[in-house]
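Labels A, B, C, D, E and F are assigned to the chains in the order they are written; within every chain, residues are numbered from 1.
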Amino acid sequence: MFDAFIQVVIKDLKTAFRQKSDILNPVWFFIIVVTLFPLGIGSAPALLRRIAPDIIWVAALLASLLSFERLFKDDFIDGTLEQLMLTPYSLAWLVSAKVFTHWLLTGLPILFVSPLLATFLSLDMTTYFALFLTLLIGTPILSLLGGIGVALTVGLRKGGILLSLIMLPLSIPILIFSTMAIDAAGYGQPYLGLLALLGAMLLGAIMFAPFAIAASLRVSVS
Amino acid sequence: MFDAFIQVVIKDLKTAFRQKSDILNPVWFFIIVVTLFPLGIGSAPALLRRIAPDIIWVAALLASLLSFERLFKDDFIDGTLEQLMLTPYSLAWLVSAKVFTHWLLTGLPILFVSPLLATFLSLDMTTYFALFLTLLIGTPILSLLGGIGVALTVGLRKGGILLSLIMLPLSIPILIFSTMAIDAAGYGQPYLGLLALLGAMLLGAIMFAPFAIAASLRVSVS
Amino acid sequence: MVNIKTALFFIALLIFYYLFVWLVNLMLNCKNLTCVREGNVLFKNLTFNVQAGDIFQIEGENGVGKTSLFRLIIGLSLPYSGEILWQKKNTVSDSGSFHQKLLYLGHKSGIKADLTAFENLQYFQRMHQSYDGVDLWDVLAKVGLVGYEDVIIGQLSAGQQRRVALARLWINDCPLWLLDEPFTTIDKSGVAVLEKLIVQHAKNGGLVMFTTHQELQILPNLVSKVVLTKLEQAHYV
Amino acid sequence: MVNIKTALFFIALLIFYYLFVWLVNLMLNCKNLTCVREGNVLFKNLTFNVQAGDIFQIEGENGVGKTSLFRLIIGLSLPYSGEILWQKKNTVSDSGSFHQKLLYLGHKSGIKADLTAFENLQYFQRMHQSYDGVDLWDVLAKVGLVGYEDVIIGQLSAGQQRRVALARLWINDCPLWLLDEPFTTIDKSGVAVLEKLIVQHAKNGGLVMFTTHQELQILPNLVSKVVLTKLEQAHYV
Amino acid sequence: MWKWLHPYAKAQKSYQLSGKLLPWFVGLTTTTSIIGLVWGLLFAPPDYQQGDSFRIIYIHVPAAMMAMAAYVMMAIGAFIALVWQIRLAAMSVAATAPVGAVFTFIALVTGAAWGKPMWGAWWVWDARLTSELILLFIYMGIIGLYNAFSDKVLAGRAASILTLVGVINLPIIHYSVVWWSTLHQGATIIKFGKPLIAPEMLWPLLIMIVAFGAFLCALTLMRFRNEILIRESHRPWVCALVTGGDK
Amino acid sequence: MAFHSLVGFLHMGGYAFYVWLAYGIAMLSIVILVVNTLMETHKIKRFVKKRMLRDKRIQKAQKMEGAL
């Protein structure tokens, strides 16, 4: 049971590390999108600070989205996914392993570089702390929701953008709550309630998403 | 010669239209990304208007980027690209056809929906007009540059995000000039010079990009 | 008198033994399978049983529904009607224990192009828990990949890639093998080895179902055939 | 005397004719080809000539370098050393006219999964300008795809997909065919038809090179073989 | 209970039953919409504040209400389809989605056209507007997903899963948007409370709501019949139906 | 009757553009939806007919000479 989970994680990590750029890619994408904005807007620190949480969150959302496909698509094409369904373990359990790996490869690196970007966008310490917390709770939800989207579209020849169509509306609440929390932090207001809400959403997602993913995969593979 | 060009365009369009959602997808993505920002920022029309050109351009860039892969990846996987290189026509000419199709499927629809988004972001008429012009000149450049990026990464098993890594820095000048032009328009200043600059970049891209793409493809396929 | 009694006793014993064997025996029953794809009826009310020691070849021209049949059996898609029983239990409702006994090799080989041959097999071995004892380098040598153990699959030739997928046949203890055109792109000596392996597996009480369009050497005399034929137009369900 | 004169005249004519034919004759020369992939020498100083009417089978076990050889010949990758001449002209420097005469069918079939069989062939036909007269429905019937003309390729079986790719053999006037395992996943009756087609093409003055691991019926007696063998470790270039 | 019904008979029966119901809904739609439109456009008095622009209400509110009703229908269908494995239910999900999407679109456009004279802007990021927009996105996602599968049985299941995920998410979206736009929003938006509406204005509105409801049902039935035909196209009764002229 | 003349009705108390825009687009999208639904029915029936013809064709082609 646990061994199977770990095996799946190891395999996915190995596959990703083999193509070394693959680990860095989502982060690079994240960084580039975030830097695009100051370039377009020009240097107006106050304005930047005002929209910074938004930019960072949208960038995180897009980076996560872009790397989602990798989660299952490759496995689908080469038949590994079929084989995964033919192991005696619960599919929901195995896909959790895949989602976890995805978070390790996108969510975690984004967390690590977020201080850098906070500096770019001249965020202050309190706001940054709130940003970090929301990213910490929010990115796993993105991975789980993304898992559903990818599982639904993996069998289609052209899933790519359909995935974003499905995914983005689903992840809007996370975006809104997170930016609300960060804004609240910026104004020195308490934002624990919002974080708790995000946490509740994370719990809900952890409980239900694996089953939704497994069910969707069964549809996509057959 | 021209017939071959048209055949390639027809084939690619047909392939895209077969999957009906495929035509709408880049546009939908564009729309969704544009709406994500107000969601994060909250409704502050003045602020929105201030960063609107930037948002729209970044969204266009990302939408274009996401659909780039389709341009060659599918053809690479199923061997059509190999076969394309074995036709007696110049490869640079044939890839121009593919790039043109890509623009038809992403740039053009984005132009069409831009009024809608201008409304969402409460842009005024003059600014919108400048935005439209920059999009008209800029999106073909994006398609051409994207072509180079895709051609370079198409042979790699995981091109997806590497592509964005290559592409985004290349397209930053377009982004900067375009937003500068739009800002100028917003302040009622002349922006023809900037447009001319964009036009010159477009001409240069049209002249050189196809050869760069062809050369990159040869590398990727062997 | 004693003789008759003992004889009767032994006969009873024998009967019980066979009954026992019959009950416990590995057995796949496909009952009244009907397969519909995109509104086309591929086959209708297909019924057959595979028992321990059987080698079944599914035969039929291109597009007749062999791959579709395999996917029905392993539960990757659901039949329009009919059911599949493994050890008398429905495979859909009891898929966990069925999948434990099943090895499937499809048109897609199910190996990761970014991993090496060794890593691929290791993953397979760990996921199926069984046969931990097998030395994978040994197995790779058996499939003729000495020297390619640490090469990334994507850099192997078509046949070599297929060989990595086939290496799984050496590292599993599943009784039921479903092999969809296992011999494609495998060279002649490779095919011969595979044939021997399949025969051996059946002798050890395994069940094998496979498809192929190639001429084989040993197998033709040993297999039972399920022949699928294109249905006439009238066969709407 | 007159007789001798006319005889000489005719002999001279014959000589000129043969010279002419020899000069114009379709011919592929591979000279001293050496192929290195990822630092491994696959073959070294391979030299052979293919002429009109020849059928060449490239033989060798999995991973010996057959596909790599084909890709060298058509110019998808460049040889480590050596050169390939078509009609005495280097194929790399003069690729346009060479590609016009060349039909390649690789492991990847080069058809688009989103288009129908008919659309795929139509695209091929238009891109190669030639054979505009051929009725594609007819061709599709010949490859056994009656009724599947308007089905999207992605929804065909493995063998049917390969048949669509093979249909190109009927709608081209390229003399040189390079077929890399054309028979995979094709059923027996299909293989027989293909064999006949290849023989016919050679009789009409075409050049065919192909690889396969399957037993064939007609071809074995007609082919010349280029046998590739694994190089010993010592063969560093 | 459902499972024991003969598997072949179900689809055909539903096709015929829906065929019988359809004319009634069409009739109801035409009569109520004519009455409602004539009354609303011609006879209802102009609003003392908004003048005649308020007449947009007669399509705006029914469309907005039915857009949500359609989603509720889909959610129920999706639940039945997934839990009891009933294919017909999945078909009803697929049949409803485009209708719901069009209603949502109408609500958005009419709202925008009303907003311009009332608020001075075609679009503001108000909570209600935003969640309506997101609802449209979700509809488009479901439709796009359904169309992307070529096997309609699988498509139905995929769409059902997405619909259910959307159901869980809709309330979250709703509340998130409400809190979000009330947090920063001061007086920029003129909020519309429940208008104290006169009965002669209200009646046509109620009639129009009935009309839109009947129209939703009618169109859903028509599309439902289409879905049945597609999925049963290999069955003899469909062939007979097609060759035997229109029924 | 809230309006005294046809012109008054069309004028909608100065809000003509917005009101008729709203009603127009609503009507248009409804009509498109209905037409789309009807066309789909038509298309399905054509498809089924085509497939029945196709089956006949397949039968006829079963005995073709020299086919792959």
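Just so we're on the same page, a contact is a pair of C-beta atoms (placed from the backbone, for glycine too) under 8 Å apart; a residue touches a chain by one contact, two chains touch by 3 or more.
Computed from a predicted structure; not experimentally measured.
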At the largest C-alpha centroid distance from chain B we find chain C
Equivalent interface positions on chain C and chain D, same or different at half
same
Chain whose mean Cα position lies farthest from chain A:
D
Report the pair of chains linked by the most C-beta pairs in contact.
A-B
Any idea how many Å lie between the Cα centroids of chain A and chain B?
25
From the C-alpha centre of chain C to that of chain D, how far is it in Å?
36
Chain C-chain F separation of Cα centroids, rounded to whole Å:
50
Rounded to a whole Å, what is the gap between the Cα centroids of chain A and chain C?
39
By the touch definition above, chain D meets two or more other chains at residues 107, 113-114, 144, 152, 154-155, 163, 186, 189-190
Would you please write down the residue numbers of chain A that are in contact with two or more other chains?
19, 74, 156-158, 162, 165, 168-169, 172, 176, 183, 222
Taking each residue of chain E in turn, which ones touch at least two of the other chains?
137, 140, 144, 148, 150, 180, 183-184, 233, 239
So, in the complex, the side of chain B touching chain D is made of residues 3-4, 7-8, 10-11, 14-15, 18-19, 74-75, 77-80, 82-83, 85-89, 221-222
So in the complex, the part of chain B that touches chain E is made up of which residues?
19-21, 24-25, 28, 32, 35, 38-39, 42-45, 119-120, 122
Chain D residues touching chain F - in the complex, by the definition given at the top:
141-144, 146-147, 163, 166, 186, 189-190, 193-194, 196
Note which residues of chain E are touching chain B in the complex, please.
112, 121-126, 130, 133, 137, 140, 144, 147-148, 180-181, 183-185, 188-189
In the complex, go through chain A and note every residue touching chain B.
19, 21-22, 25-26, 28-29, 32-33, 36-37, 39-42, 47, 50-51, 53-54, 57-58, 61-62, 66-67, 69-70, 74, 156-158, 160-162, 164-165, 168-169, 172, 175-176, 179, 183
